[in-house]
C-alpha cells in the first residue's frame, strides 16, 4: 500500500464525523395504566403475583413487617433503587451532558420525583467500578445505542425491593433497561437479573408521556425516632406467623398458591391451574385508579 | 504499514457492550480510595484500611504474611512514608498475620519512629495462651489497651479505637477515622458472608449485635441514607450505614428465629433442620449450619432462651 | 514527514466538513427486505404486569388503571357475558386493542413481502399488518380492523445535508415497527367489559431486544385513542419472549367469560 493511500485512509478514519443522538431530554409524566393499585397506593401484603421469585424471596417477603420502615430509623428515608423508581412516583426529568469540545453526548441524567433521586447514565464507554466498590441506590449505569433504542446496564445497586411489600432485590442484581421514544411517548423496559432471589429475569415495562409543563418539586425527607423502642429491635414476622398473607386471595378470589408467585405462574398455561378462581360478584377494591388522585380504596 | 497499524489502533474505539468488571483474582491486591485520608486495600486476606499523610501511615489489619510484598507495593502507591501505627481488629490470622512482615518492609528503621502495633489486651492474652502456634503474632504486638476508646491524633485527624466486647471475639476493635468519617469494622461486619461468632475466643451473638448497633450509632448517613460515614468491612465491598443496617437486620432476624425455636424446646439438630436462615442462604456465603449453631450455642450459654 | 503530516491534517479537516454523500436512487425494497429487525417466529407473553386483570377475568366493575370516562364506566358496568355469548360476540375482548394483552402465544410470519401476519392462539385471531397504502374506504368494522404498518422512520431532519457540518446522528436508525389500526368493531379492553368504540384509533410500536442471557424479547407499546370511552389515550406495554418452536401454541376459541 502506498504512503499516499495510507494517508488518505487514515485521514478519512480520523476525520470521521462526530455524532448527536436521539434525545430523551425533557419532563416525563408517568402513566399508571398498568398495575395502578400496586404502583400508586401500594401493593397488597402477600401479593407476589407476576414475579419469578424463589423460596428465599418468598420467605423474606413473608417475614417483612411494614413497621420496619418507621421503627428502624434508617429505613425512613430509604429511596427506591433506580430499577424500582421507574415504577413508583416516577415523574422524571431527563437532561444530557454534551462535551463542549467534541459535541459528543457524554451522559444522560435522570431526576426522579421520589426522594429527589439523581442518576447518571454514562455514554462515554467507561468501565463499571470493581466488585469491591460501594453500592448506591441508583447504582452505576452505562449505556449504548442499539439503533434508536438505548440499552442501559446498571450494577452496584444497594439491596432494595422489586415490590414494596417486602419482596426483595439483592445487591448482586444487574438491571438492564431499554429506552424507546416514540414521539411524545417513552417506554422503558426493565430487566432484572438477580441470582439471589429470581429464578429467571424479571421483565417489566413502563410508559411516560412528555409533559413540558411538569414541575418536579422537592420531595424531601428527614428521619427521626417515631416510637420508643428497645435498641436494635427489627420488626418482622417469624416464619409461618404472618396473618396477612391470605388477604389478597380472599379479596380477589385468586387461589392462594397463585398469589405466591413464581416463574410458572407467569406463563399462559398456568391459567389451566386456576380452576379455583372465583371472581368476587363485583369489584369493591381500587376499582378505578389511574392517578394518585383517583385511586381510592372504595 | 506502521502508520496504518497505528491509525487503526487509534481509531479502534467501537462501542462495546459494557459488562461489570469480573471479581478480582484471589491473590490480587487493590487500593480503593474511600474519603479523606483513608483508602481501602483489598487483598487475599480480606480488607485493610490505610490512612496516609505527612505523619506517616496507619494501617488497620495486615492480611497474611505471604501477601506483605504485594500489600506494601500497593501502599507505596499512596505514600512513601513509614508505617507508624498498626491496629489489629482481632486475633484472626488473616488480620494479624502480616504484622511482622509488613513492618519489615514498610516500618521505619529509626527507633523513635518504631511502629506501634495495637490490639485490645484480650487479643494478646489469647495469643499467648495459644502458645507456639501464634507466638510470632503475639510477639508482633507492642501496645494493648483495656479502656475504650484508645485514641490518638494522626495526620491531622483523631483516630479512635473502640473495643467491642464479646462480639466476633472478645478482643474486637473497630476504628473510627473521625475527620475522614470512615469506620473500620474488622470481622464484626462482613456484608458478603455470614459473620463468624467465635465462641471459643469469647464471641457471642448479642455482643455482635451490640457492636453492629454501635457502628450504626456512630455512622451518620448522607442524604437519603447514602454515603456519609463509610464503613470498611473485614471482608466484602465498601459500605455505608444502610449496608450495615441490612446486615444487622439479618443477624437480628435469624437470632430471633433461633430464639423462638429454642423456646419451643427444639434441640440444636432440630433447629438446624428447620433452616432458620434459608432466605438468606442464597445471599450470604459461608456455612449456614455453622452460623446457626453459633447463634444457638451463644443463646443457650447466655441463658437467653 | 512534516508535509505528510500537514496534508493529513488538511484532508481530515476537510473531510469532517463534508455532509453524508448524497444517496443514490435505488428501487424501493419490500417491507420484508427493508426489515431492520426480525419479528418472525413464535413468542409467548410473560405476564409480569396486570396479572390479576389478565390471567383471570377480573370482577365486574374492576377497571383499575384504565382511564375510562363516565360513559365508558357505565357501559363497562353493564357487561353481561351470557348476553355476549347469546349474540355470538364471545370475541369482544380479542380485538386488536386488547388481544396482545391476553396471556397466550403469537406466531409472526410474512404473509407476503409487504404484509406481516400475527396469529394469536387465544381467540385464534389473525392480524394483518399492511405495509404501505391506506385503509380501504367503507370496509366493515372487524375485531382486528385494518392495520397500516411501517418501519418507524428516523427522527425528523436526519436526512438534511445542512445539519451539524456533516455530523450524522446516532440512535436514530429506526428498528421499530409502527402500526396504526382503524376500522374496528366495538369491543372490550379487558375480559370484564371496559369498552372501546368503533371510532377507536389504535397505535402500536413493536421493539425488539436481546437480553443478557441471549433471549430475544419484544415489547409492544399499545396506545388506544377513544374519546368516546376514555379520558385520555390508554397506554400499555406488553412483553413477549421468543420461543424456539411452536411448543405451547394452543389455538383456543374466544370465551366471553
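Note that the chains take the letters A, B and C in the order they are written out, and that residue 1 is the start of every chain.
The criterion applied here is as follows: contacts are C-beta pairs under 8 Å (C-beta built on N, C-alpha and C of every residue); 3 or more make two chains touch, one makes a residue touch a chain.
None of these values were measured; they are calculated from a predicted model.
The most centrally placed chain, judged by C-alpha centroids, is A.
Of all chains, C has its CA centroid at the greatest distance from the CA centroid of subunit B. Inter-chain centre distance (subunit A to subunit C, centres taken as mean C-alpha positions): 23 Å.
Inter-chain centre distance (subunit B to subunit C, centres taken as mean C-alpha positions): 54 Å. Separating the CA-averaged centres of subunit A and subunit B is a span of 32 Å. With touch defined as above, residues shared between interfaces to two or more other chains in subunit A number as follows: 3, 7, 10, 14, 16, 145, 151, 174.
Residues 1, 3-4, 7-8, 10-11, 13, 15-24, 30, 32, 40, 42, 47, 209-210, 212-213, 216, 221, 224-227, 230, 236-243, 245-246, 248-249, 252-253, 256-257, 260, 276, 278-283 of subunit B touch subunit A in their complex. Contacts from subunit A toward subunit C in the complex involve residues 3, 7-8, 10-12, 14-22, 31-37, 49-52, 103, 105, 145-151, 174, 176, 178, 180, 182, 185, 187, 189, 191, 193, 201-207, 209, 252-254, 258, 265-271, 274, 277, 279-284, 286-290.
Chain contact summary for the complex, subunit A toward subunit B: residues 1, 3, 6-7, 9-10, 13-14, 16, 54-60, 63, 68, 72, 74-75, 77-79, 115-117, 125-137, 142, 144-145, 151, 153, 155-156, 158-159, 170-172, 174, 195-197, 221, 223, 231-232, 234, 236, 238-239. Here subunit C touches subunit A in the complex through residues 4, 7-8, 11-16, 36-37, 44-52, 55-68, 103-105, 122, 152, 154-155, 164, 166-176, 178, 205, 207, 209, 211-213, 215, 217, 219, 221, 223, 234-239, 241, 248, 250, going by the rule given at the top.
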